[in-house]
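As written, the chain order gives the labels A, B, C and D, with residue 1 at the start of each chain.
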Amino acid sequence: MENLVTIRPELLGLATVELEALSPHFAVLGGAVLALVLSVVRWLQPKWSVFLVSVATALLGATLSFPGLSGAALAVFNGMMVVDPYSSFFNLIFLLSALITLLISFRYLDSEKLQHPEYYVLVLFSALGMMLMASARELVVLFIALETMSLSVYSLVSFRRADRRANEAAMKYFILGGAASAIMLYGVALVYGATGTTHIQAILERLASRGAGESVLFSVGAWLIVAGFLFKVASVPFHMWMPDVYEGAPVPITGFMTTGLKAAAFAAFVRVFLSLGYGKGLSEAVETNLHHILWVCAVMTMVVGNVIALTQTNLKRILAYSSIAHTGYLMVGLIAAPRGTEGYSSLLVYLAAYAAMNLGAFIVLTLLAGKGDAGLNLHDLSGISKKNPVLAFSMAVFLFSMAGVPPTAGFVAKYLLFYSAVQAGEVPLVIIAVLCSAISVYYYLRVLVYMYMRDPIAGATSARVPVWSVMALASMVIVTLQVGLLPSPLVEMARKAVAGL
Amino acid sequence: MAWFESHLLSTLVFLPLLWAVAGLVIPGKFRKTHAVWALLGSFLVFAVSLRLYGAFDAGGAEFQLAERAEWLPSLGIAYLLGMDGISLWLLVLTTFLTPLVILGSFSAIQERTKEYYFLLLFLETGMLGALVALDVFLFYVFWEAMLIPMYFLIGIWGGKDRVYAAMKFFLYTVVGSLLMLVAIFYLAYAHKVQLGAYSTAIVDLYRVNVPGGGWLSVQSILFLAFALAFAIKVPLFPVHTWLPDAHVQAPTAGSVILAGVLLKMGGYGFIRFAFPLFPEAVVLYQPVFLGLGAVAIVYGAWVAMVQPDIKKLVAYSSVSHMGFVILGLFSLNSIAAAGSVYQMLNHGVSTGALFLMVGMIYERRHTRMISDFGGITKVMPIFAIIFMIVTLSSIALPGTNGFVGEFLILLGTWKTSPWAAAAAGTGVIFGAVYMLWMFQRVMFGPVTNPENEKLRDLSGRELAVLAPLVVAIFFMGIYPNFFFEKMEPSIQRFLERAQVKSTETAIADLGRN
Amino acid sequence: MLGLILLFPLIGFLINGLWYAVLQAPQGRKKAGSLATGLVASSAIFLSFAVGVVAFVQLAGMPEGARVIENNLFSWIKVGGLSLDFVLRVDPLSSLFVLVIAGIGTLIHVYSIGYMSHDETPGRFFAYLNLFCFSMLVLVLGGALPLLFLGWEGVGLCSYLLIGYWYQDIEKAKAGKKAFIANRVGDLGFLLGMFLIYTTFGTMDFSALREVVVQRFGGMAPAGAELAAVTGICLLLFVGCTGKSAQIPLYVWLPDAMAGPTPVSALIHAATMVTSGIYLVARLDFLYALSPTALEVMAWVGGLTAFVAATIAVVQTDIKRVLAYSTVSQLGYMFLACGVGATGAGVFHVITHAFFKALLFLGAGSVIHGMHEEQDILKMGGLKKHMPRTFLVVTVAWLAICGLPPFSGFFSKDEILWMAFASNQGNRVLWALGLLTAMMTAFYMTRMWIHTFMGSERFDHHKVHPHESPIVMVAPLYVLAVLSAAGGFMGVPHASWLAHWLEPIVPHVVPAEGVNHSMEWVLMAVSVAVALLGMFAAHRLFRDLRRPEALKARWAFIHKVLWNKWFVDELYEGALIRPIGRVSQALWRGFDVAVIDRIVLGFGRASEWSGQTLRLAQTGSLQAYAVFLLLGLVLTLGYMIYGLV
Amino acid sequence: MQVVEPWVVLTFAATIFLIGLGGLMLRRNILVILMCIELMLNSVNLSFVTFSRMHGDMAGQVSVFFIIVVAAAESAVGLGLLIAMFRTLRSVDTDDIRLLRE
């Protein structure tokens, strides 16, 4: 009991250098709180004020996290969190996707009569949760960040209160999400039991010293944590919730989930994965078992994702299953990363490219969505190229990018990912991945068939495209093509980010 | 101007795309201006390609007018362009056909002309890029980028079930090239392991020695991956079923470019990548591909005989003609290799002309069924004369371009395996059978169908499209040396790279040639 | 200088061709008359004949051994180890052929002016005719095998165009197609022969080839693999000859080729194109001499063709078909001659045959012209009175073809029969076959002669009133008549100028030792007797028409077989064309669509099916998802622990 | 006083966790499911405390507080969603939320 007495003052104080490093987090927190306050002030027209503040916060956060990209890694809050190029890279992804979601949501909420300011606050809080997850170095802190993000997303999913489908989606997501978090937490507890610490760095040392890698307790705990993450990224055994939730949720939120949520999950997954010693500390037996399980999960994810997408006619569900398929490709990268010379940088590039093309696709979907997200079935899309050529062209770019057809970011990302997988000797896995992406070409192009090669249905009016959305759309198209044609800046950024891990 | 001079290849490749993007400014309803604008662009590109012909000197280095720029240094990927004798002529063929195709589709394409001409020029960029890319990654980017415009051309302006044909075309090629991509990964990594540095430049990859040996050794598997991707494109016998659908459903311009240039990408791929990278596997699989080539020739000819639709007939004739190319390449001697490169050029000219003419009668009668025609010579004599000349070139009559190609290929193949040459030779007979039978049912005989009576003969524009092709047919038939001079050294290097000492020098000492 | 021989017909073709395409072809344009276009064409071929004569005179001036004029126009193909030059070479053999082609060509061009006077597009006809002469001259003057092949397929093309000249009648177009494809089959043999020569001797140039052969084999005959190669070469090239010169397997196209205008039949299917096979054999005589088996095959094929064609000709009623089968038969004779080693006799017969067969065809042409397109000899008769000049000229040709002494036919045919009997490759059976065919030739020619000119007039008068052909058609006939009559004297046995002239190219064949000299005169008498017998039999049989009808009734079956050309066409149709049609239909419907496409679409359907089944797993119930989630967890945990313990 | 073996408490916590998981899968009333999630989180807390006692350091105990806070927040959100659902569906049975399928 005696060590409780001395309260060490330095724990509480925050050095100025730590403040600077954490500036993006504080900016977003401050912005969110300000937005919350403003939402209550009636006379200030909360619809506009909260929107503008949240957009400003997102922009501010993004600009503040730029320096972090090249800075050195700095442990904050006594090692609980770390601010390094890796976390700054992900901060950029989260904040940009939050920004895009906010931009396209404004008009969407008006047309859906859901213009409540809380929406923007929740988006900011979930972005904050993601940022914390990316820089968490301690399992419990990670859990807390995960929950902040998830809780705000649960409520965002059920934002359209009156719609039974939204409620159903939210409830399913909440219950299964809750269960998964509980499972992961139980894993954390077991790992704590086996190694005596929940601090990521410390686990590795304890593993090496205590040789706890062998103990059943640790492996069960480790697997439960990994299972929790697999649920979050919707890998096969745990993917059942995703299509329903994606279909139920409002379109911008689905976009936000596929990009932000998946990126955050993978960010944390990579840190935890390393700490659990995959590739370094773990014993030979456990390593091969984990590799086999992940190998099977990756293959099943790719196959299930691509094959079911073939049968879907609702665009949101198609993109949901395509997101599962892309998780499969990312898992291939994950498995191959430790042994491949490329390491995790191809994973980061893929996440960034995937975020860009997916956000773009969801911008187009938001603009095309009718009342209550109707009008998103394939035959509703026929002839769009005649009505709105710009939307059709950008959708074509995004779809070609998702299919991995060359002059786009998707191709470069897939090239790097599979290239590092081949270097790690995972040739059979890559062949399966390549064949699955061949299947994916079919359902991506089928959307183009409806858009370009069918005549428009009678009376279809061309969707009105507000200025905010055009800006967001243009930026995404430019990013997709730019990374496709000149990938080296992004790749260099990713390599620097990974170096610090 | 100096920049253009030093970056000739880049200008050639990206001029069509930039010109097309500039063309987007013209508002949709000025249909004629789009066409004229695209035509202007394609003439400009043709001029640049002629400049290339001047700049290329046969005796010089292997890859000339090379340009290099860092693209993805961490993976050793560079923006590397270069050109040799073989790719020179394929370039000129592409830039020669595109203006004709654009001129040919003035009247054929009435709606959404802006996108149409944009896609055509984008397609030209893709093709030119693939022909000059010397970096495997860059080649793959252009190789797949070509598919997008062709997919839309077939899909939007095509015939009745164009969507099925476009999708089949796209998927067939994508599956093939994705397997090739895996092989590229393995090769690039092998280069890193063996030679220390990352590089996907084709010249460096030539130096990588991949463990050869048995039928399923690493080198054989890699070779098969490359060969499958290129065989689908050629198309070689078992993987050819996308071609008839794609041709029948594609608009005239689409099928001319498809037959004229896209099929040559397969052959070019073999020459540039599959052969030099995996010489032992080539020698090992030589009998298999010789067999497939001969079968393709006879099979294509036989199936062409029973086609009710002219375009499908010509499509299957392409399968047969391209079978000759494969035969020539896999005979691994310089006569046959030169013959197959020449056959690629011939096929581009004669089959391109055939498709243009089928397009012209389709514009008039909106049907392609042979049974709907008969006695057209009486109604359209000029058309009949040109159609006769093109048919003769297609059945390889001496004096036209077809003969030189097939003669050299058969002569070369005879040295390697007489049986394959004999079997392929029968293709020459069946070629005459199906072409002349089609010609007779369409052109000769009394005018049975009343609608055929009032068909108007070729207009000035249509003549302008066909005239250069007819001239090319005779010029290539009578004076092929014009082409062989520039091509000769590159073919020698190609064969040396395929590590097969050409055997015919031994025979030449025997007697005066 | 040799280039000029080719240049003139080419220029003639271009003038007529472009004139027709640009000015006459488009709708509603005035069509030029046959006189103008005819004159252009005839003058072109005449100039080429003149240059031919000059060349002939130059050759005659040269010393015995080195009679060659050669000029190398340009390098055609130069790639890999192969370099082909467009070299023209004239030597005694080819100069003869040039004279025959250009000479008879000129006569036929002039004749055509008259014949095609009422045709609506004569420009096109004369353009094709000139193109034909150009290709034939290329064939004859070509210094290397590929050039000969260029001419070879060029004449094939022109015969296709000219047979199908009246393209509106689908039957004529079909005949043209049949001719081209039959030739193409032969050409494949030719091609493969050419390749074998290249791989065995390394060159395709005739003089180089001769040097290599002489240097490699010299005196002794080749043995083993080399013999096989040489025999293979000869046989493959002979396949080409059977295609072009209408021998047994591939002769079916010649009778149908009569669908073309008569001058075409005269020029192409009598005098020039069909003899290109003999030219090829004569040109490569030094090779054929090396392989006795090839000569054996050639002799037998020639003999059989002669006999079979003669039997068919006996029963034909269409005047041009009779002449067509007679041509096939005479060609059989020529190959018989080459087969027994007497290539010189073969060439001699080519020349004489060209004279009288062209005359016969043109005579038949003027008969048809006079009888307003009536070709059935049973509906003619008694034209002696109406067309005296044609009658006179055709009689000369008739006597020549039957082989009566003063006329050319006797000398060349007798030479062949004598060589068949006497030379060491020849044998008695072939001689007997030849003799029998000679008798039948006399028989059916006399039959045609009688039916056409003698006997009662069997055409109905008010519809058809025969008239003599204009002078422009008859004049060439007179020239040909003189040539047919006097032509024989250039090859009088034992003092033949022709054999001497061809000496360096085609060595003179000396009869085998066993046979004594006097035998030759005896055989000559025998062959004349046989010819007279044939004529007399025909004369007595066909004096009044009831007797042949009776004969026909009694031997009905044989008549039916002969009338249907031994059912050869039906055989080819049944054995080759229909099965290939069925197989390709099966290949397309069955293999291409059913097998490959089904496999390809199968992949698509398989993934679609698995998609549908997996999709059902998404039941939408929360509990199910939770169960599935837990199941996944338990399974993986079990695997982890299993790994550890 | 008699010391309770740690593994006893751990197995107890594990059983509670399994009960929670089982409840989540079997029961159809969503309220009960929410309770089961709470149950699972509490069993985790128990494990944490035992491990902290075993290792003799305070980290485990501290984490428990965070978990309790998060659990509370989670229940709040969960109940909020449940009320929203009830208002439209008039039922809290999981069988009624079957709209989103395949």
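Keep in mind that, in the parts below, a contact is a pair of C-beta atoms (placed from the backbone, for glycine too) under 8 Å apart; a residue touches a chain by one contact, two chains touch by 3 or more.
Model, not experiment: these values are computed from the prediction.
Peer 1: Looking at mean CA positions, which chain is nearest the middle of everything shown?
Peer 2: Chain nearest the centroid of all protein C-alpha atoms: B.
Peer 1: Take the average of all CA coordinates in chain C, do the same for chain D, and state the distance between these two points in whole angstrom.
Peer 2: About 99 Å, centre to centre.
Peer 1: How many angstrom lie between the centres of chain A and chain B, each centre taken as the mean Cα position?
Peer 2: The computed centroid separation for chain A versus chain B comes out at 44 Å.
Peer 1: Based only on mean CA positions, could you tell me how far chain B sits from chain C in angstrom?
Peer 2: 37
Peer 1: Can you check how far apart chain A and chain C are, centre to centre, with Cα atoms defining each centre and the answer in Å?
Peer 2: Measuring from centre to centre gives 80 Å for this pair.
Peer 1: Where does chain C touch two or more other chains at once, residue-wise?
Peer 2: 604, 615, 618, 620, 622, 626
Peer 1: Hey, what residues on chain D touch two or more of the other chains?
Peer 2: In chain D, residues 21, 24, 97, 99-101 touch at least two other chains, as defined above.
Peer 1: Name the residues of chain B that each touch 2 or more other chains.
Peer 2: Only 171 qualify.
Peer 1: Any two chains that touch count here, so list every such pair.
Peer 2: Touching chain pairs, listed by label, come out as A-B, A-C, A-D, B-C, C-D.
Peer 1: With touch defined as at the start, can you tell me which chain B residues reach chain C in the complex?
Peer 2: By the definition above, chain B touches chain C via 168, 171-172, 238-239, 241, 299, 302-303, 305-307, 333-335, 337-339, 375, 377-378, 381-382, 385, 392, 397-399, 403-404, 407-408, 410-412, 414-415, 418, 421-422, 425-426, 428-429, 432-433, 436-437, 440, 443-446, 457, 478-481, 484, 487-488, 491, 502, 504-505, 507-513.
Peer 1: Where on chain A is chain B touching in the complex?
Peer 2: 341, 400, 405-407, 411, 415-416, 418-419, 422-423, 427, 430-431, 434-435, 437-438, 441-442, 445-446, 448-449, 452-453, 486-488, 491-492, 495
Peer 1: Which bits of chain C are touching chain D when the two form their complex?
Peer 2: Contacts found on chain C: 615-616, 618-623, 626-627, 630.
Peer 1: Which residues of chain D touch chain A once you look at their complex with the stated criterion?
Peer 2: That would be residues 10, 17, 20-21, 24, 30, 33-34, 37, 40-41, 43-44, 47-48, 50-52, 54-55, 57-60, 63, 66-67, 70, 73-74, 77-78, 80-82, 84-85, 87-89, 97, 99-101 of chain D.
Peer 1: In their shared complex, at which residues does chain D touch chain C?
Peer 2: It comes out as residues 21, 24-26, 28, 94-95, 97-102.
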